[in-house]
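In what comes next, subunit A is part of two complexes: it sits with subunit B in the first one and with subunit C in the second one.
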Partner chain A sequence: MTLSNSTKLDIQNLNAWFCEKHALKNVNVKIPDKEVVAVIGPSGCGKSTFVRCINRMHELIPGAKASGKALLDGVDVYGGMDVMDVRRKIGMVFQKPNPFPNMSVADNVVAGLKLVGTHSKKELAEIAEERLKSVGLWEEIKDELKKSGASLSGGQQQRLCIARALAMNPEVILMDEPTSALDPASTAKLEELVKKLKNEISVVIITHNVSQAARISDMTAFFYLGELVEFDETRNIFEHPKNPLTERYITGRFG
Partner chain B sequence: MLKEPEYLTKINAEIMEMQEIVESIGEQVQDALKNRSSGLKPVATELCREAQIREELIVEMCVGSLIRHQPFASDLRALTVAMKVSYDLSRVCRYLRNITEVLEEVNVKNCEVKEVCELLKNAREMVRQSLKAYFEKDQKAATNLIKSDESIDEGYRMILRKYAVQKASGNCILFNGITARIVERMADHACYISQETIYLVTGRRTDYR
Partner chain C sequence: MDILSRRGRERLIKYICLLLTVLAVVPLLWIIGEVVYNGVSAINLEFLTALPAPFGESGGGIGNAILGTLIINAMASLFGIPVGILTGMYLSEYDRTSRLGSAVRTVIESLSGVPSIIFGIFAYSLIVLTVRHYTAIAAAFALGLMMIPLIAKATEESMKIVSNDIREAAIALGVPKWVRTTKIVFSIAKGGILTGCLLAFARISGETAPLLFTSLFSFYWPIGIDQPMASLQVLIYNYAMSGFQNWVIKAWGASLLLVIIVVSINVIVRRFAKPKYKAGV
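Entry: the complex of A and B
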């Protein structure tokens, strides 16, 4: 069940392993275009493995492998796409903000573009400004663009990382607990940003904060022991989940 | 079935207190109606006020629990339903008090009140059963209760028909018509409680009308 008609990512029979450990079991899910999908579940349930499989970061871990399909607009990221192209189209934001400490704020934003493109200095500066504006950072730090990215607050660093991901013009952004290290004010700003981002791209966000999932997502996926237990409109998941496991998890009666 | 969180147990304890108030006022109104006696209005008003204070307390407890616990799924439904059930009980109280007002204003000494007494008895039983289904989260009992509302509606229509054609004094027609209507509305609130019980159990909204 989806809110919109078009599917951005179509995950089919996705399985993932860490050596012998079967971490993700036959996951089938359609990620809608321009919507926010929250991924929830207890620690170790396969949430991070799931999103890392989507942009082929899972395979970077020694002993890790994956099977199945992840179709981005119908093209399998495991078949017909160059891995760098996959990661450009499917950006990732991590739990802990990771700006490049030896780069300025502005250089952080366009670091990816510098690697893959042939943009002039002027173009890079314009992109940096545009992306910093889109994450709501420009007014806060426009006079500090030459400072190190690491000098910003935690919340600013996380938005800087999102600006960096957006600079690549991704079609999907994956976020792995992006607010877990942020204070409430920074969390609120980031949540607003996520809601804004869906006007342009699809967002898949892992969160342990079920209230956050309820606040910001259109659809919610609940994982348990490597399996996708339930995927439905967020309202349905949080008001009357179909599966008793989902009910137990979101009402805090797990374990 | 999942164990109920402590805050919901406390809220339901308050609803039980409200039920006791409703039972108390209901019993007294039933007797007053049977004996065609007036003078109960001050007591009914006081009991209604007590019920209203409890309703406000329940809403406060529910809002506090929403903020503190940010409940979801069955816990969230339980809170929204508790607020509505307390409102329904408060309304039932006010309907019972309205009957005492009518008894106060209309001279009913020589009126036939058997049918309306029976109707009130049945409506009070409906309120009782709707709360039983709510506390026991009994979807089947709640569904059956909604079906039984038809008998109250029929009783109300029967009284209207009877007094429309029978020769009776104006005050008796007025009293029976108004009181039967009040009782019919009371039974509607029992149905609302049952409707909420079904939502509490299933997560799906139904409109019993």
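Entry: the complex of A and C
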């Protein structure tokens, strides 16, 4: 089913609850290495819950719990790893850009390393430059590194947040509708960036925009009412969906 | 016509606000003006550095009371600021829902409404009665206790308004909770917390009642924090009611000095704690 690559993240029998509500029902997905997986589905279908189970942020909500396995290179993030390590290896970018307003642009990029690591100032400056280059921000803002991270435009802030996640050297990056607060030009830049990122790592991206999923992803997962309805190569999902629900959703007949 | 009347209403509201602001500020400025007018003539080098002159004699100063107030306020702050900040941090970041949290919240809100003399009596019965003499430690304890609810509330509110998006960003980077609380949320909320601390400091600088039960007064230089200690507040209280002209003028001078101390600490602290970045800039 996968294109050519090996599996990076093997999710088995994943279930999630909010108090009594069964939000995710027995989900099995193999996220391939160095590919982009789009997660689509109508509001409330469990997309966000699914993604937040992968880096164990779901369990932070009072009353929320999860069961099942998520094997990162064969090691279960539920049990086999320290939760802080899970989140360092599986980075996340959110819907609303959320740079730290108390830090400069450069400090934002290396915030995670600065707060928990033991890197020297010189190393941090190098990592900041390298990561700002990899998200295409360096040329735009190299003279504004000392300014507050919150002073950039929305699209720049979102790329800054991606640089911040990349600075931790993650193996997977999760993105929860990263372009929904951005203008079309910033969205296009971010989509280019996502396509470039898969040379390095796996990307799981939630999107409300079906054509965005078609443009940038290799595989697509369609969720409906907490169940994974269909997971296949993006081309197959859009050209020959197996499930009539998938077809109705991608053709815009509901959701 | 409609537009005109709407503009008219806008203006009316604006002028009502202005009028009320003036009404609120005038008495305050009046008080400060009166303090400056009456106090400025008392201030000279001897006033700032000498010990008080005995009753009936001219000259003398309030040096011991200035030093005493600075010592007592510093000790009160060393106790009240950390406890207040940690309490507020606990309420905002560690316990928003439990019974203990809401109990602490209720206690804090009612403590800020308790008359200051109660804090004095509490410190008196706990410390002064135990060691059997008046002591500056008891004064610092009473004033520190008064600071806690003010600072805890300011800290809790300032930290609570830090957006959850920011906390999530830190969580997703694998930053442990205590690091996220101290280096991110606290750091973003610093401005509001600082304001709370300065307000609490100003508040205790004007309190006399708790000191009457604790540090009382001394006509000599402070010799130890476990001894009675002079303070500007008690000096003003004693001198203003003495009816003796030399002392009444010194009470005005001491009041002016108290205002100057509070304002300068405000300015100095704000200067050194200036945030690197204003939110959203």
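We take it that the second predicted complex is superposed on the first by the 253 of 255 C-alpha atoms of A that agree within 3 Å, B and C clash if a C-alpha of one lies under 4 Å from a C-alpha of the other, contacts with A are read in each partner's own complex, and residues count from 1 in each chain.
Definition applied: contacts are C-beta pairs under 8 Å (C-beta built on N, C-alpha and C of every residue); 3 or more make two chains touch, one makes a residue touch a chain.
Quick caveat, the model's predicted, so the values are computed rather than measured.
Peer 1: What does the overlay on subunit A give for subunit B and subunit C, a clash or a fit?
Peer 2: Overlaying the two complexes on subunit A (C-alpha atoms) leaves subunit C and subunit B fitting together cleanly.
Peer 1: After lining up the shared chain so the two structures overlap, which partner does A:S180 touch, if you call subunit B first and subunit C second: first, second, both or neither?
Peer 2: Once the two structures are laid over each other on A, A:S180 reaches no partner at all.
Peer 1: Identify the partner contact of A:T251: answer first if only subunit B is touched, second if only subunit C is, both if each is, neither if none is.
Peer 2: The answer is first: A:T251 touches subunit B but not subunit C.
Peer 1: Contacts for A:S148 in the overlay, against subunit B (first) and subunit C (second): which applies, first, second, both or neither?
Peer 2: Second partner only, subunit C.
Peer 1: Taking the superposition as given, does A:V210 touch the first partner, subunit B, the second, subunit C, both, or neither?
Peer 2: first
Peer 1: Taking the superposition as given, does A:N243 touch the first partner, subunit B, the second, subunit C, both, or neither?
Peer 2: Neither partner.
Peer 1: In this superposition, which partner touches a larger number of subunit A residues, subunit B or subunit C?
Peer 2: C
Peer 1: Contact-wise, after the overlay, does A:V86 reach subunit B, subunit C, both or neither (first, second, both, neither)?
Peer 2: second
Peer 1: Rounded to whole Å, what minimum CA distance do you find between subunit B and subunit C in the overlaid structures?
Peer 2: It comes out at 33 Å between the closest C-alpha atoms.
Peer 1: Give me the intersection of subunit A's contacts with subunit B and its contacts with subunit C, in residue numbers.
Peer 2: none
Peer 1: Can you list the residues on subunit A that touch subunit B in the complex?
Peer 2: 210-211, 214, 238-241, 246-248, 250-251, 253
Peer 1: Using the touch definition up top, name the residues of subunit B that touch subunit A in the complex.
Peer 2: By the definition above, subunit B touches subunit A via 2-3, 70-77, 202-204.
Peer 1: How about subunit A: which of its residues touch subunit C in the complex?
Peer 2: 55, 57, 60, 62, 84-88, 91-92, 94, 96, 98-104, 111-112, 115-116, 147-148, 150-151, 161, 164-165, 168
Peer 1: So in the complex, the part of subunit C that touches subunit A is made up of which residues?
Peer 2: Residues of subunit C touching subunit A: 97, 163, 165-166, 168-176, 179-180, 183-184, 187-188, 190, 275-281.
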